[in-house]
């Protein structure tokens, strides 16, 4: 237990949210969700269908790389479900979980991955939301993860709403927010964190009524995690 | 019927203001070497289309060859960070961004494939992209429901790098196909670059992943996806990417 | 996760008034034996959907199980002539024909796949089908151009016969795929019937033609496409077809 | 030359129309176009791309059957161009030739394969037009073949317009009509036919100005035809 890092807590938190779900998808630049889905399939939900951009379905024993859209996530697949298929699945309301990240997230769970500043004259041009503008409204749930928790990332209102929709949880290096009645609410605090630190590092005011403290990663979860990701790529996002 | 061309011959056919859709995804089997060739030509004011890309646009932004980009995601993954040439060009107002969700790029290309002016699409509602990018809605003539409509994008050129192709344009793709099946159909003309040209008998026992019917020209261009990945041939050349990112030379 | 069911179990799940889309094409790998099973059940008032079909609808017309048909072409080929049970039922006003072009069936199923209420489609203009079938048009919100819009058809069941499937629903199809890739995606639930169920290792070295993701149930049903063709397993049983056509018995 | 039948003349006529074309498609129940495309690829236009419903492209040396949508027209293909692709190609104006048949054809080249009589209370319910309602308006050219030439098939106005569009030629057991300024005109008369027989067996009045007499099948054409279709399936439609 002494060697548990924030990345472990984040990945385990993401994985646990997949417990009763049928399928889950992650896109590019999504190390944590990739590891989390693999972890969930080993420990929490062996029948979870794992989808990714490459077309791979339920791939097993992949050698992980820093990229989350390569052939390593495709070659052992028994069939092909292309990215177009995944968007289509979501569009017809058959995608359970989409994982998405962003530069900013606001109190409503809206996300921004487009620009900082004015859209047409931006201070920073961001990468764009990838699938988020479509997946947030169409997936049954969108889980947002954000590898920084500070007042610049967790804002009252995002500079630009790249995507808005069915965000269910936001997982950060400090806690898990749950979206209740359209607003983010503190759901779980990581065991090594304080409520004050959350309040201090979040620009919007936090409803923290009834939050709980996360169960630290179990031994079973940590063993599986280290089997899946022995090189600790999950640290790379932090 | 013989579609084999030299890389310079196909580059010469492209014109300023053309719409180019690239195959592959981010650093995977992306036609990065074609991007270098275009960057070193006189072709300017291109409109570049792809769901998720990195190095092609970063090269073409550096050479100031791009007028407009239609894409869902523009960044490297992991350690390589953002596409800084692209980012700077946008921030300086040199490149116009038609920001999409990856799915709306797919919808725009599907409309091209189906020969229709627009595709209705689920999602996007609630996003500031709808009004900022002027995505229009249309009423379903059967129920009156309003739904977002994505206008067709018909690329002048689809450019796809594959592992193997025959002289007719039949292609073998090792690893993920990404949106290449869509790009090759949507474009007015598709150019295949390949690691190897194979003989006429190669596709006797296995069906090609891309049919000759969707291919105009075939160019043998070994290492065409380098410094990105090309499954079965080579992996990432991190040093070359870092060198490009740091020194900013067009090869 | 185990999707294997008995044929009677899946037939029992179907209800009167359901929309059923069949895979295969005319007499090729068509789920004819499932049609017999439905014909011998109490399920009535079905809406049957397929681009081009023959024996399934001729069986289901004989058993008076059909209320409506959406198809582009309904006939046997060659010596077997027209589907006379179907033809008679239509002429007697028992079956309502939603006549399509094969492509508009595809468009209706594509709309289902994309979760959209309608698909714009090229063609059909000038055909009396447009007003007779009440196919509506829609104005492109970008240019104002009017184009025919085909309303989505979301089948309750997609029924596809394949040569091999595993217990998860991954399928191997020998020979043409026809519109099975579309049917399995468009339907709310897809039932695979197969000549053989294969072990879990079967798709280790070759990717399946239909993914488990698009499959709800798997039924082992040898000779499921008989008396039609099933490549790799059997050819046409002309005698049986003639016997059905002449004697009109439901197996 | 003594053993040339009407079916040979029809197939050769269809084949010759493909001379400068890039691609051609036939659907189900299309024996004559199937043989004609194969003949053209052997004799008139070796670079013609042959497409059919099965997804097969440029298949060679197929064993023919009475069905024109089976695996025999797919298995030797090097790639797959599905029926959906073919319709899409046509929709975006890249299909050169579509072959279609029908129950009735009228003086304008409109075709009917839907009903004889009133649509909603038909005397005869016909099979339906398959792809014709889409292909006639979108293919660059639609070539219609009709294995009967009588006044019931060649009518002034069809009972129901299943499809209307870019019909270029109509090939019959007696002659070839060409569509000029929106009306069918006699283009070629088969060598064994008379103009009177055409007039007698056609319900609409025929513009026959400047028609020519077809060149009978050449020796080369007949040799290729008998190689492709040794069992004379091409007779089966007549």
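Letters A, B, C and D mark the chains in the order given here, with residues in each chain numbered from 1 onward.
We take it that a residue touches a chain if its C-beta (ideal position, glycine included) is under 8 Å from a C-beta of that chain, and two chains touch if they have at least 3 such contacts.
Only a predicted model underlies this, so the values are computations on that prediction, with no experimental measurement involved.
Novice: Which chain lies the greatest distance away from subunit D when centres are computed from Cα atoms alone?
Specialist: So the chain farthest away from subunit D turns out to be A.
Novice: Counting C-beta pairs in contact, which chain pair has more, B-D or C-D?
Specialist: Higher C-beta contact count between the two pairs: C-D.
Novice: From the C-alpha centre of subunit A to that of subunit C, how far is it in Å?
Specialist: It comes to 39 Å between the two C-alpha centres.
Novice: I'd like to verify one number: the distance from the centre of subunit C to the centre of subunit D, where each centre is the average of its C-alpha atoms, in whole angstrom.
Specialist: It comes to 27 Å between the two C-alpha centres.
Novice: Counting in whole Å, what is the centre-to-centre distance of subunit B and subunit C, each centre being its mean C-alpha position?
Specialist: 36
Novice: Specify, in ascending order, the residues of subunit C that touch 2 or more different other chains.
Specialist: 114-116, 121-122
Novice: Touching two or more other chains, which residues of subunit D qualify?
Specialist: Counting only residues that touch two or more other chains, subunit D contributes 80, 91-92, 138.
Novice: Which stretch or stretches of subunit D touch subunit B in the complex?
Specialist: Residues in contact with subunit B: 23, 47, 49, 51, 57, 76-81, 85, 88-89, 91-93, 138.
Novice: So in the complex, which bits of subunit B are touching subunit D?
Specialist: 1, 112-116, 166, 168, 170, 185, 203-204, 207-208, 210-214
Novice: Using the touch definition from the top, list the residues of subunit C that touch subunit B in their complex.
Specialist: 114-122, 136-143, 145, 147, 149, 151
Novice: Which residues of subunit D touch subunit C once you look at their complex with the stated criterion?
Specialist: 27-29, 31, 53-56, 66-71, 74-75, 80, 82-84, 87, 90-92, 114, 119, 121-138, 160-165, 236
Novice: Residues of subunit C touching subunit D in their complex?
Specialist: Subunit C reaches subunit D through residues 25-28, 51-52, 71-75, 77-79, 82-83, 86-87, 90-91, 93, 97, 99-104, 106, 121-129, 132, 174-179, 181-182, 229, 231, 236.
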